[in-house]
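A, B, C and D are the chain letters, set down in written order, and residue numbers restart from 1 in every chain.
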Amino acid sequence: MRSILKAAIENGKKITMNGKVATYIPELAKGDRDALGVCIFDTDCNIILEGDFNTKFTIQSVSKVIILICALIDNGKDVVFSKVGKEPSADPFNSLVKLEMKETHKPSNPFINAGAIVCTSLVAGDNGIEQFSRILDMMKRLSNNSHIEVNYSVYDSEKLTGNTNRAMAYYLKGANIIQKDVEDVLDAYFKCCSVEVVVEDIARIASVIANNGVAPWSNERIIPEDVNRIVKALMMTCGLYDKSGEFCIEVGIPGKSGVGGCIMAVVPNRMGIAVVGPSLDVYGNSIGGGKVLEDLSRELHLSMF
Amino acid sequence: MRSILKAAIENGKKITMNGKVATYIPELAKGDRDALGVCIFDTDCNIILEGDFNTKFTIQSVSKVIILICALIDNGKDVVFSKVGKEPSADPFNSLVKLEMKETHKPSNPFINAGAIVCTSLVAGDNGIEQFSRILDMMKRLSNNSHIEVNYSVYDSEKLTGNTNRAMAYYLKGANIIQKDVEDVLDAYFKCCSVEVVVEDIARIASVIANNGVAPWSNERIIPEDVNRIVKALMMTCGLYDKSGEFCIEVGIPGKSGVGGCIMAVVPNRMGIAVVGPSLDVYGNSIGGGKVLEDLSRELHLSMF
Amino acid sequence: MRSILKAAIENGKKITMNGKVATYIPELAKGDRDALGVCIFDTDCNIILEGDFNTKFTIQSVSKVIILICALIDNGKDVVFSKVGKEPSADPFNSLVKLEMKETHKPSNPFINAGAIVCTSLVAGDNGIEQFSRILDMMKRLSNNSHIEVNYSVYDSEKLTGNTNRAMAYYLKGANIIQKDVEDVLDAYFKCCSVEVVVEDIARIASVIANNGVAPWSNERIIPEDVNRIVKALMMTCGLYDKSGEFCIEVGIPGKSGVGGCIMAVVPNRMGIAVVGPSLDVYGNSIGGGKVLEDLSRELHLSMF
Amino acid sequence: MRSILKAAIENGKKITMNGKVATYIPELAKGDRDALGVCIFDTDCNIILEGDFNTKFTIQSVSKVIILICALIDNGKDVVFSKVGKEPSADPFNSLVKLEMKETHKPSNPFINAGAIVCTSLVAGDNGIEQFSRILDMMKRLSNNSHIEVNYSVYDSEKLTGNTNRAMAYYLKGANIIQKDVEDVLDAYFKCCSVEVVVEDIARIASVIANNGVAPWSNERIIPEDVNRIVKALMMTCGLYDKSGEFCIEVGIPGKSGVGGCIMAVVPNRMGIAVVGPSLDVYGNSIGGGKVLEDLSRELHLSMF
């Protein structure tokens, strides 16, 4: 197992120079392009770490999974899916076109920015501070790490440059899909994206999902079973933006990527995996991380297909 | 002449019930659906008023003409048209799709909302208050009426419900087309839309444009000649949203409509015309006002074609 | 098992009146709206039939799976995916918009019409007759039924009314993605759609895919392993048009629907399932068939999530 | 006058190298990039020729004006505008997107390809041959030249490479906007585009339109007055593709361009102008020809604004 991971990391490092660190948020541009780390946390609580596993990174869009979990627990699936769709979108993550062309104005799914902003607005709490606090608490429980926190430099950077997200949020407010105060919702959303973690944190979150919503370390149920099923299914169809279909073919398990360079992957009933590598392909997915997961899928027979 | 106007108003009144008063801004919904008034102000300073010419209304999108005049005077056409196009758009006035699909992200023209917001951001002034003050001053000079003012109920209503405009403005900020503070620019824009006038004010503004930029009552040049030419040309191709082409065929002169129910029309070298009738067609143009202009165009041979 | 199927059929029959039989092809309009049948064929060659399992129907878009299999075998995945994408599309099955907006002009995936037409053009054969013969032969082997044939009334109807498909094909020819003669390719495609089958045929095809490409009845490998994996993954993300995401959540297995009323579903390593019910939802999927599969998924624990 | 024309041609020749001869139809690629010729034919039958006025070229999209004239005469405006819009489109001339997004599926206007194909289908005649014969006859009368004919090399080239037009036509057939046989309609359309002319032919056609539909050389009315008015108005708003708005500002008269390098321009009550220069800008308009018309507009005060 360890040698497979070592080889996968080595292979992945060969192509990190083909991608680019995210620059649209200035603070992200400081990421180390050539870093590449991986953590596997299985449902028997075995952990393996390899490569640059100490690399700190912000969770970015991987937080969309935890936001969705909170929104579903707090509202039920009927309410959530009355305001956001369940269908993959072949448009870039920050597209407005689809919002306007669909008669309902609903975002296509919870894993594009517009959909995640809607889900954030649905999380329980009287205001953005309470809503973020609820989501952060869920992240802590799912990762069994009470120390994770917002990276405020990244948060400031997100907030300053988040005008396309702001545009989407006001559009959704105008279409009556977001009821709460837009700036407040965005503030919570930007904080979610800016939470700083390491691969072990994300692998543990993935292991809970792999374990049908029950934390392997405590046997405590954190995610209700039907919520957990929905989350896995949506990760399978919509988890890697415009590359979700290819990931489904080449890796074949539910995944979710973020522009901080992380990809979280769930192997049902077996393990959670997290890779980090800030060098991204044109779709915004970690280029080295994707390669590592392809190798692991092949060597460890992870594909569900 | 007077009998032609009387007949046109009478004809127009027959179809006002086929349209609807604008409701997307609650304050506008109070408009009188059946009102219909007209004013002709010719380049020899003759004035004719007919129908409900005392109806007060907010200028709404007709202000886009004055905003463009200020933007062009303050920046020159090269700067203005580096940030907004000159081409008609076949999309609704508040569409975001075009912004995203065009590689430049430039709004199609200055007479759709996105384009007018960009033009507002270009008007001289250190902040939104100064910029609005400059535009209002221009409206006063062009109408020879120093008493026109903002209707603050409408302004509050616009501001409260203007989330689609806000979405566009933040999108344009994100695309670096608007440099100034978005809320400040929007505040000026919402005030421009909320200026309250009567048809004589608008007919006088139109008469200056018809008179090549020189006020008929003072022979003072207010609009530079080349700016005036650009404004007339854009009114011809883009003045009535998705009905610009039909207006060009059926009326055949430069025009600009607003959802307050006004249509301003310019008969080059002859006269300015303003009609008001708050009942709108599906495109947002005064339904009775359009009919009046069709009748006048035919009876007075106004068409340039 | 049999009682579960009986109950599922009964449940499904309650909602067939909420859908509509396809009418865009006149011949399809003759389908019996209230028919509902199911067949399960497992990898040990057990077969269960329930409901209106004798209903004959045309295979329609379910044929896209077999077309893709042939195209992949005959060309390899690199050639196929240079001409058609792997990503879900949130547009209707017959949309042209995506073709034009994407710079490559490639159809999003092999399971929308445009993508299936491209795959048809890639199947081995000197002309449309040979290409169709190759695909029909594959259908016969996969269903272990050498008697299946084209319903020529449906074929004539498809051909006569297939102008949107014709439009797409000529567009793809213009974009140099289809090299062969358009009418010839379309002729083969229309024939594929018009092949007449019963649920047992489709359940057998599904059982081969469930059995990793090997026919359960002969242990003969018909589909290469990597082709079989690609097919399952694409069925998961793109198999039910604009309802693929919901199907993935509610049923949770690879599926493919057709407007003839059939849904083919694959339970990896366990069984193939086919349902038929000509009453369709707005997306073009069998409304009763979808319900049957939801019930079976829940009762038989079929979901992969 | 002659010296103004000489100077304009000289100025125009300086920028022909900034454009490109159309290549999408192979036969057009043979055009001489640096040729530039002009003809003015006024309503008193004075004619001035300058530059490469003997250059032969195919009429291409300038024929859309004559097709529209025939369609309007043969059907009346109500029928024509029930199948094609009157509004400018900000999309490229060969776009399919608009057809699909608009609920009516009507092409935006008669001067984009889709619209012109619809108009061709409406021209009187039992088949494509008769329809083309009617249109060619109209071209001959309007140009007072009974010798103009199809260039069959260009026609063959158009036909062979016209798959995007074919796609649009089949789409419109599928949407029931075209009733006649698609290949037959396209054949007539391709022939219309391939008619070979010189600038004098086009300047004469323009002079009839400038003269309100009456041939200056015979005082015979060829175009009914209301048809003539519609044609001028549509040329103003939609005549130069995505550059119509700019042409309206910079030249200010009704115009129509074609990828053969011709621009036809109408100065109401004064003259018809035709320029030819095969070097095109990115929108498909003659780059040198546009410059010549800008210069002439300024020097001869042609703008209507």
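Criterion: a residue touches a chain if its C-beta (ideal position, glycine included) is under 8 Å from a C-beta of that chain, and two chains touch if they have at least 3 such contacts.
Because the structure is predicted, anything quoted here is derived from the model rather than measured.
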item	value
Neighbouring chains common to chain B and chain D, by label	none
Chain whose mean Cα position lies farthest from chain A	D
Whole-Å gap between the CA centroids of chain A and chain C	32
Chain C and chain D: spacing of chain centres that average the CA atoms, whole Å	46
Chain centre separation (chain A, chain D; CA means) in Å	54
Contacts with two or more other chains, residues of chain A listed in rising order	101
Contact graph of the chains (line, ring, star, complete, other)	ring
All pairs of touching chains, each written as two labels joined by a dash	A-B, A-C, B-D, C-D
Residue ranges of chain B in contact with chain D within the complex	85-91, 98, 108-109, 229-230, 232-234, 236-238, 242-246, 248-249, 252, 254, 268, 303-305
Contacting residues of chain C [partner chain D, same complex]	95-97, 99-101, 161, 163-164, 166-171, 173-174, 182
